[in-house]
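Two complexes are shown next, each including chain A; its partner changes from chain B in the first to chain C in the second.
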Partner chain A sequence: MTARRTAAAAKESHVTAGTARAPRRRRRPWAARSIAVVIIALFAAWTLAPLYWMIATSVKSPLEATNLTPTLWPRSFTGANFQGLFTGTVPFGTYLFNSFFTAIIAALVAVLISTLAGYSFSRGGYRLNGVTGIAVLATQMLPLVVLIGPLYLLLLKAHLLNTYFGLIVGYTSFAIPFGAWMMKGFFDGMPREIEEAARVDGYGRLGVLFRVVVPTSIPGLVTTAVFIFMNTWNNLLYPLTLVSTNARQTLPAGLMQSFTGTFKTDWGGMMAAALITSLPLVIAFFAVQRSMVRGMTAGALSGT
Partner chain B sequence: MTAAATRTGAARPAPPSRPPRRRRRRGEPWLDWMTLPALIVLAVVIAYPIVRTVIVSFYDYPLLMPSHEFIGARNYERLAADPVFWTSLRSTAVFTVASVVGGMLIGLALALVTERLRGPWQLLRGALLTPWAIPVIVVAFLFRFMFEERGGVVDAVLLRTHVTGSSVPWLTNGDWALASVIIANVWSQAPFFLLVFTAALAAVPGEVVEAARIDRAGTWTMITRIKLPFLRGAALVGALLMTIQNFNNFPLIWAMTEGGPAYSTTTLVVYVYRLAFTKYDLGYASAVGFVWLVLLLGIAVLFIRVLRGRTA
Partner chain C sequence: MTGISLKSVGKRFGDTVVLRDCDLDVGDHEFLVLVGPSGSGKTTLLRIIAGLESPTEGEVFFGDERVDDIDVSDRDIAMVFQNYGLYPHMSVYGNMAFGLRRRKLPRSLIDEKVRDAAGLLGIEELLDRRPRQLSGGQRQRVALGRAIVRDPAVFLLDEPLSNLDAHLRVRMRAEILKVHRAVTATAIYVTHDQVEAMTMGDRIAVMNDGVIQQLGTPDELYERPVNRFVASFIGTPAMGFLTCEVDGPQLRGAGVRLRLPADRLKNVPGKAVCGIRPEHLRPHSGRDAGCVVEGVVEVVEPLGSEQHVILAVGDETVTAKLPREHRFHHAEKVTLSVDPARVHLFDPDTGQTIG
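Up next is the complex of A and B:
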């Protein structure tokens, strides 16, 4: 009974909603509204308090930052912690550069290879499709830790430990499967007609891809690149095992090592470093936030 | 009932019809060749290490020494009798399930209450997403700092508000340490679910919601009867992705506790790392790693089945 009525109503309101926005601002019940407000407030506190604490601690003087009874509002505002990062004994600047350098190169290389593979999955012979879907999921599940031992031995033999090249190869390889899958999702959403028209116009095969397809899928490319950049920036295991010199160390492993040494008690400096480490990722993330979900879940949704 | 009817009817645009498979396409092998660079990289950096892991697991293989000795299945015998292996298997399960369930519930609640935020209030949702963009290593340090036993802000606040009588041994007691790691992980991953659920909520056809409202459905009915059924797919995919990620979450745990105190926060990946790179026992580490790999493969097959069943 109710069901039928709702269905009818649905049809009706569909008509009105289609032509003009129906006046739907009805007051929500008071109770539901206040529950929503309370939940938002609670979770806003839960989410923002740690962030606040990081920022607040980073501007405190060393003495205040390590105080046994922490001050919730910093009494001393100082930029000394940030300055100390670049003048102190920890080569923070080097870590920062290494992180940027390896993450950007890895993202570019991985996106290039993923684009080729993703385009092939999307447009090519369908015989590979079922298998690759499973392969991608399987490689996603592979624990890096299990593979790092043999990889370490391999790079040791090839004399590639402590090099950018070794790091980038490691980063890239693990980014490719998911990257290819994300790119496939974006390519699937593109009409084929354009490509066919371009073929008729006399473009070659790679010409179609790089002159026609790639320029129109820039948002997808950027999203995939940012995703890979974020993953790489977060990678602790590779630099921890494959790099042992400070000159090639990246931020996560570098901070981890200095944390057990120099930073042990210097929480102010640590939080300043944490803040700077976070900024590139936060900026990159918000730049592509909208298409990120689509890219991440599209593969999993369409993949099977 | 209603939902299904409208979904297949008016609301959902017809899926873009794929052009039928043409014979011409089979004559374009260059499209297959384009996967070659990816395959080569994967072969060297993924397939080779897997094979090598299997081989090494039958050896006594000290990482930094040139001597390795074939010892048959003795690494696997050792594993079956290793209590640490079993506790880390348990920790892995607890860590993963608690993180995914916790993150999902918080993400869902947030998505539901922020759904109708308009105008400048949408910035708030943006702010709530921030933790997901914070590097894992920073999350680890930040929570390690906040959970400090002496002078940590969490204890300070709890003590000052008299929620607890004495300071909690967050990172120094086994069970608390596991809980702390999970809390930090939920903090950093709940926004992912918020994103996923927000996207899924936006896809709930407006007519259905409107119809339910005309029927005077209360807020609670609206959520449980109308909206949640639409979120099932998103929940499944999101949970799947995050389960995979948390099974292999090394950086957060390693940077926060290094698997300690004792072995209380040692999940399987952390255990493999500890064996290989702090005890330099690559042979046994490979055996543990390989068993974990096989277990994961089983879980992956299960997941694929579930996904297939859902889309079929």
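Up next is the complex of A and C:
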């Protein structure tokens, strides 16, 4: 920021040098700054309001949550909604475990395959390299709903409906093209000299990949893994279509089916569940925030 | 120990010819410099020797063994890259030990070799640091250390000093030569800087347009360039060129009169381009009336002990390196003379040296 200011000041002084005026940095008038603050505050409120509503409702009593005159600040705080998640009839713990298990395994498998594919797309000198890359990317152009039909039939024939394996296959099949291209982006930005140095040091292609390329691409790997984890964690359509038993159901589909009934909706329970569902994503994001930003900016390898 | 031979090596990328018919013999322990402007093919040639590129034509030998089909990881080479190519996730020690670990040497031997190399380069106190914590000069030393620690048969350096400031570059030049003497490997050094080439190389190969123009010792290249390109590339400031015509026993051009021995003129086909190095021009004294260059001063560059005077001679320009006793001024008319033995003659069409 300071550097940018200095550069801007230098530019300005260069411009004004001809008129022999002292270089001065122009300040934004207070009115313009106030308007900017108001606009930013409005956007923040717009984004944060649903989150606030979720948190507030999760600690309200069932009576207050369904009251026709909604309260902005809960009249009384209760932990019953959270307690109910683990003691009530909804198998929330099972959903939570299923979500974690399938999302983590899918992210790990997808990152492993994406790394190999992305490295091949980035460095491969074979003839069909470009075509293969585009073909893989083309699968991302198809909407999820188009893919779900054939996937359902395939898993049905393979007797993989209502299984973790089936869900993970579904998740990874959709995550790998995206992951491979994301990893390709990271590898493209990585100086080739590092790999060549390792080749000269006596390592073969796989040795170079796992001893040099992967360790230096940790920010990229983590970013890709977190993206895939988030996408998988949030996926509603696949579990809704491929799983019909509570024992294998994940959070998004499970919550949707459990808390909305024909005659009444348990808003407090649903919001408590939604809050717990959101937490892993928030934690994952903040835990890897720095490496995500580093990974997303080009020239991630400043150490070379 | 290994000498290196290239036989008719050529390289194409698609339709672009990068190297043509390169023959080169590098002797055992020799320090050979490949020098040329950007895009002349010198780095590609080095990469072919390393095994990072394969030649489209020709053969590469290390000693008597043909190596073009041998993978880079199986050739006994070490390479220093322009951007150092250090492993950012490893310490300096890890960087230097990486190649030795691959060779499954005992841990104590690896430690001994790394510390010896670090001692030679004065980087012992940096062994625990990561590359990003080092300055450019320190990274350069680590890259050198990583190469020498392996005792390679062939030592390849690709413009290793181009990212350093001028002062450090001069220091590192001496250091690289010191290291080369210590490791006694055959070394090939790529640079675009002719001063680096002249000061470091046992022999120099000058490259241009994918062709090795001339291979020789620094003195040979300076005294007897085979063509106009080599003549202009070697020497600072660059040689000046003046177009002349044969006129009886002398060559004449606009502002130029050069009386040369008859045997030097016998091969000149009517016209010739005369090359004169700046350091061979001197103020005209009247005694050496045979070889005279007359021009108008365009620019004077004072350099303390000497000065570079750029003269317009007819439509062409030459630079003269002159002592500071004479003061020259812009637009002043100046007469300089040159020793006829120092005048180089080139064919105006082919650029090849005549006579």
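Here, the second predicted complex is superposed on the first by the 246 of 304 C-alpha atoms of A that agree within 3 Å, B and C clash if a C-alpha of one lies under 4 Å from a C-alpha of the other, contacts with A are read in each partner's own complex, and residues count from 1 in each chain.
Methods note: a residue touches a chain if its C-beta (ideal position, glycine included) is under 8 Å from a C-beta of that chain, and two chains touch if they have at least 3 such contacts.
A quick note: this is a predicted structure, and the numbers were derived from the prediction, not measured.
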Looking at the overlay, what does A:T216 touch: chain B (first), chain C (second), both, or neither?
second
Chain C versus chain B, contacts on chain A by residue:
B
Check the residue A:G202 against both partner chains and state whether it touches chain B (first), chain C (second), both, or neither.
second
With both complexes superposed on chain A, which partner does A:S278 reach: first (chain B), second (chain C), both or neither?
first
Common interface positions of chain A, toward chain B and toward chain C:
191, 301, 303-304
What part of chain A is in contact with chain B in the complex they form?
2-3, 5-7, 9-11, 13-14, 17, 22, 24, 26, 28-29, 32, 36, 39-40, 43-44, 46-48, 50-51, 53-54, 57, 66-70, 72, 113-114, 116-117, 119-121, 123-126, 128, 132, 134, 137-154, 169-170, 172-174, 176-177, 180, 191-192, 205, 230, 233-237, 240-241, 251-252, 255-256, 259, 267, 270-271, 274, 277-278, 281-282, 284-286, 289, 292-294, 296-297, 300-301, 303-304
Contacts from chain A onto chain C in the complex sit at residues 191, 193-194, 196-204, 207, 212, 215-216, 218, 301-304
Listed in rising order, the residues of chain B that touch chain A in the complex are 1-2, 5-6, 10-11, 16, 19, 21, 25-26, 28-35, 37-38, 41-42, 44-46, 48-50, 52-53, 56, 63, 106, 109-110, 113-114, 124, 126-138, 141-143, 145-146, 150-153, 156-157, 187, 190-191, 195-196, 199, 206-208, 210-215, 218-220, 233-234, 237-238, 240-241, 244, 247-248, 250-251, 254-255, 268-270, 272-273, 276-277, 282, 285-286, 289-290, 292-293, 296-297, 299-300, 303-304, 307-308, 311
So, in the complex, the side of chain C touching chain A is made of residues 50, 52, 71-74, 77-79, 81-89, 98-99, 102-103, 130-132, 146, 150
